[in-house]
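In what follows, chain A forms one complex with chain B and a second complex with chain C.
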Partner chain A sequence: MPLVKVNGIAVEVPPGTNMIEAAKKVGVEIPHYCYHPHLSVAGNCRMCLVDVEAGGRGPDIACNMAATEGLAIRTDTPKVTQMRKSVMEFLLVNHPLDCPICDQSGECRLQDYYMEYGQHDSRLADAKMGKGKRQDIGDQIVLDAERCVQCSRCVRFSDEVTGTGELRLFNRSNQTQIGIFPGVRLSHQYQGNLADICPVGALTLKDFRFKKRVWWLKESESVCGGCATGCNTLVHHQDNEVYRFTPRRNDEVNKSWICDQGRLSYKDVTSLKRLTGAKVNGQRAELPEAANAAAMLLKGAKVGVVFGAKATTEANWAAVKLVRARLPSARAYVIEGNDPDAFTYQDEILVDSDKTPNRFGAALTASQLGSVGDAEALKAALAAGEIDALLVLQDDVIGRLGIAAPKALVYVGTFKNATATAAAVVLPAAHSIEQAGTWINRQGRVQRLRKTVAPAGDSVADYSAVDAIGRAFGGAVIPEMPAAIFQELAAGVKALNGLTLKGLGHGGQLITLSAPSAGADQPGQAAPAK
Partner chain B sequence: MSDVIPAIKKRKLSTSESIYLVEVLKGMAITMGHVIKNIIGELKGQSTFDTMEYPEVRKPVNDRFKGAHRLTTRPDGKYKCVACMCCSTACPAKCISIVAGEDADDPIEKYPVRFDIDMLRCIYCGFCVEACPKDAIRMDTRIYEINAFSRQDMIHTRDYMRDLMAGDKPEAEQWYRENPQHSPEGFLGEVPPVIP
Partner chain C sequence: MKPGVYEIPLGTPMMDLLNKWCGGLRPGRKLKAIIPGGSSVPVMTPAEVEQANMDYESINKVAGSYLGSGGFIVMDDTTDMVDALTNLLRFYAHESCGQCTPCREGSAWMYNILCRLRDGLATEDDLVALRDLADNIHSRTICFFGASAAMPVQSFVTKFRDEFVARVESARAGLPAGLAVAK
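Moving on to the complex of A and B:
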């Protein structure tokens, strides 16, 4: 690996690494607009100019400078300071300085770099060039061409990531304008990412328009539950209210992207579809009361447990423990397919055809009980009277299969659906951003959920809801703290052996299924193909 | 912590003080002294009263006095405020709450749908005025009678603050307009005009 020097600090990086990344490794930030780690290098903003001490000719742009043995750059010379200042002056020549009405303000690179490297007095004598403001170019995006710094990130995104190529930089020199081809409208599923990658406020999200100043929002890490991909997200919230989801970089899962469906799914958190209170036979009840009713229904019955591909692995584990402790004759099921209200879009970029975030985890935990039945087995068993009570975690089983619900149906779930309507007992589960836990995505990556805001209404973490049934039977089945549950889970499930909640880190941990002889650890046929 | 807090010794009342009556009479003597002084003053034709007859007479306030907030407007009558929320960010009392909206017909895309200041929490620091990039909020009304019969009414709303100087409210300003003879010198003409 080549040894390079940044401001005199030596660092070893893989060959070909560009110097922005190499500098980041030693804690030196090189300002940049057009460079994006998941797009090709364009090298047109010139903000990343650095001095080359050895191993090349300088000054040169760091984003297009591949690390080679002996390369040494400096970012702390007066020359670099002057270059940055001059680039900033150029970029601001036609900039409207709309900050008071610009949604980017607070997370704008023009603002940040001006404060850090610009601070020049305006020498502008001519009037600024006006360009198209407030252009409606897509379902999710508003374009303000005046604010654009011509970095071409959006152009490269639509060429390289979505392959739709709607955007271009038109005209030349100071007349250059970002625009969309005539008659074209952004219509792909990744528009929101344009607003994220645009370093300024030229492309902004319609949904977030004027809603909140970003400096008030707190960011918490989470994972999107829209499909089996499990894109890493940041939940932006203030005072227990969620304002937006943005993608969180994870090179192994979603790079820096997220689909619009997932991005806008923050609306579900407060949607009227939420189950916010426990119910017994359609009547509102307190949670312990409902858990008691659930225990009464399940006690002595021929129980089938439907493990939830939308529930956390912890909740599924709690169900395993509940079965082991209290319902030894219960049968386990994992029902493939998506809920009837799931969105149908899928593609090769991110969106999986499987709209459940944790099918892998559900299958893995259910298999701890031995054989796991599928939809057909469940239908047959219900028809034959081999089971007469169901405990369902999160999945809309009734809606999915279109079957008649058994009288004794206990539903632990976040949203209203056919199963919740048919259930004799409903225990409200928190939304995935309102509770801790883990999901295992289609790759077999265990990813961590965190409690970012307080659960709505009376809802509790889904594993606590399952545990409440256990308590109604006479004793808790799982520990209380998420870390302790995960510890137990990791010890109990072979594929997870050795993992700790903390050890999952920000990017999650890939689990490999051990040799086929591991038998019980093989997820059932419901496991994802990918 | 070796400091010992010294005990305060109570002074013993003297004999005349412990009778009280003497002290009461002393107090009354001071009052009577003023009464006599005022009567003599009135007879001589010069007012010697120390008390101001508020609200008919008021103390003029300083030019820099921070009174009730007002929201300024553009020549077309729309709010100058663009709901950038710099004021509510700067406000140390966190008493400004703004809801922004989009004005489809205005090139200045954003405007305040709501703009409330909870005057019970405001500490009149003036940071909001300092922070505003649009000269949209000012505290130059010289209004210091900020009171109401309910907490709700102590929340000054967007339109209230816009119309404050228009005389819709019987506040100090309005009173001065009706009784110009009592207004401090130059007061009425002095509120700086809003630069469009």
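Moving on to the complex of A and C:
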């Protein structure tokens, strides 16, 4: 690996590493607008100009400099300071400085870099170029061409990521203007990412416009539950209220992107479809009371447990423990397919056809109980009277299979659906951003959920809801703390052996899932190579 | 003037080219400046022209300029250097592809300043800014067009500084564009 130097600090990086990234490794921030780690290099903003000490001719742009043995750059010279200041001056010449009414304010690179590298008195005596403001260019996006710094990130995103190519920089000279081809509208499923990658307030998300000044928002790590991809996200919230989801970089999963469906799914958190209180026979009840009712229903019954591909692995594990401790003759089921209200879109970029975030987690845990039945098996068993009670985790079995609900139906779930309506007992589960836990995505990557805001209403972590039933039977079935539950889970399920909650880190841990025939704790399907 | 196509050896003295081959200036006119390589290179003063030969090294050594495209622009004493530079920058401001920041914003900004200078609306600060902007464009762009726009500005305002200062002074004195303050 070539040894390069940044401000005299030596660092070894893989050959060809971009010098912005190499500098980051030694803690040196090189300011940039046009460079983006997941787009091609354009080299047009010139903000990343650095001095080259050895291995090239300088000044040159770091974003287009590949690490080669002996390359040495400096960012701490007066020349570099002057160059950055000058680029800032040029960028602001035709900039409207809308900050008071601009949604980017607070997360704007023009603002940030001006404070850090700009700080010049204005020398502008000529009129600014006026350009098109408030252009409605898509379902999710508003364009303000005046605020654009012509970095072409959005153009490259449209060409390289979605392949839809709607955006261009039109005209030339200082008349250059970002725009959309005549008669075209953004209609792809990744529009929100344009607002994310636009370093300024030129492309803003309609949904977030004028909602919140970003400096009030806290960011917490999470994972999107919209489909099996499990895109890494940030939850932006204040005072227990969620304002938006944005992508969190994970090069192995979602790069820097999320789909619009996932982005806007923050609205589900407060949607009227939430189950916010426990219910017994349609009547509101306290959670322990409902858990008691559930235990009564399941006790001595011929129980089927439907493991949930939308529930956390921990909740599914709690169900395993509950069965082992109290319902030894229960049968396990995992039902393939999606809930009836799931969105149908899918593509090769991110969105999977499987709209559940934890199919593997459900299968891995269910298989701890021996054989796992599918939809047909469940239908047959119900019809034959081999089971007469159901415990269902986060799965709309009734809506999906169109079957008559058994009288003894206990539902642990986050949202209202046919199953919740038909259930004799409902235990409200927290939304995935309201609780800790893990999901295993389509690659077999175990990823961590965190409690970012308080659970709505009386809802509790889905594993706690299952555990409540255990307590009603006479004793907790899982430990209380998420890390301890995971520890137990990791020890109990072969594929998870050796993992710890903390060890999952920010990007999750890949596990090996072998073919269904190979052992008892298989999810029934090998991880796709994606 | 002797229009035609000639082939002359590199190293021919520039004055020979001007007087012998091209037939010299119009009667009664004095040489003021030559841009030796299209318009994109530093301008040369008469003193520099007298010392320089028509080759890359000599022109660079004597005047810090280049042969460039080899197209000569000869200006006599009737040429107003502020007007001439404004005209050049009108081209560069219009022709910038607009891809990279310094050239896109800088070429048009320099042109705007020059227009005000030409029209008697510019100040001392504008003159400083003009030179600064050119320095801030040169060698910092994707392609050489940025430097091409910068070099005429840098050389004009240095080598013909008096004319630029005179415009600022007449503007300050409130004189109409083109009238100079009496010395």
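Going forward, the second predicted complex is superposed on the first by the 519 of 530 C-alpha atoms of A that agree within 3 Å, B and C clash if a C-alpha of one lies under 4 Å from a C-alpha of the other, contacts with A are read in each partner's own complex, and residues count from 1 in each chain.
Just so we're on the same page, a contact is a pair of C-beta atoms (placed from the backbone, for glycine too) under 8 Å apart; a residue touches a chain by one contact, two chains touch by 3 or more.
Computed from a predicted structure; not experimentally measured.
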Three-chain arrangement built on chain A, chain B and chain C clash or fit: fit
Which superposed partner A:I101 touches (first chain B, second chain C, both, neither): first
Partner chain(s) touched by A:W215 [first = chain B, second = chain C, both, neither]: first
Chain B versus chain C as contact partner of A:T276, first or second or both or neither: neither
Touching partner for A:N174 - first (chain B), second (chain C), both, neither: second
First (chain B), second (chain C), both or neither touched by A:Q443: neither
Partner chain in contact with A:R134 - chain B first, chain C second, else both or neither: first
Per-residue touch tally on chain A - higher for chain B or for chain C: C
Chain B versus chain C as contact partner of A:Q487, first or second or both or neither: neither
Partner chain in contact with A:T421 - chain B first, chain C second, else both or neither: neither
Closest Cα approach, chain C to chain B, once both complexes are overlaid on chain A (Å): 25
Footprint overlap on chain A, comparing chain B with chain C: none
Of chain A, residues touching chain B in the complex: 99-101, 105, 133-134, 209-211, 213, 215-216
Chain A partner contacts - residues on chain C that touch it in the complex: 93-102, 104-109, 112-113, 116, 125-126, 129, 136, 139-142
Touching residues on chain A, where the partner in the complex is chain C: 43-47, 49, 59, 83, 86-87, 89-91, 93-94, 123-126, 149-150, 169, 171-176
Chain A-touching residues of chain B, taken from the complex the two chains share: 82-86, 89, 100-102, 107-110, 133-134
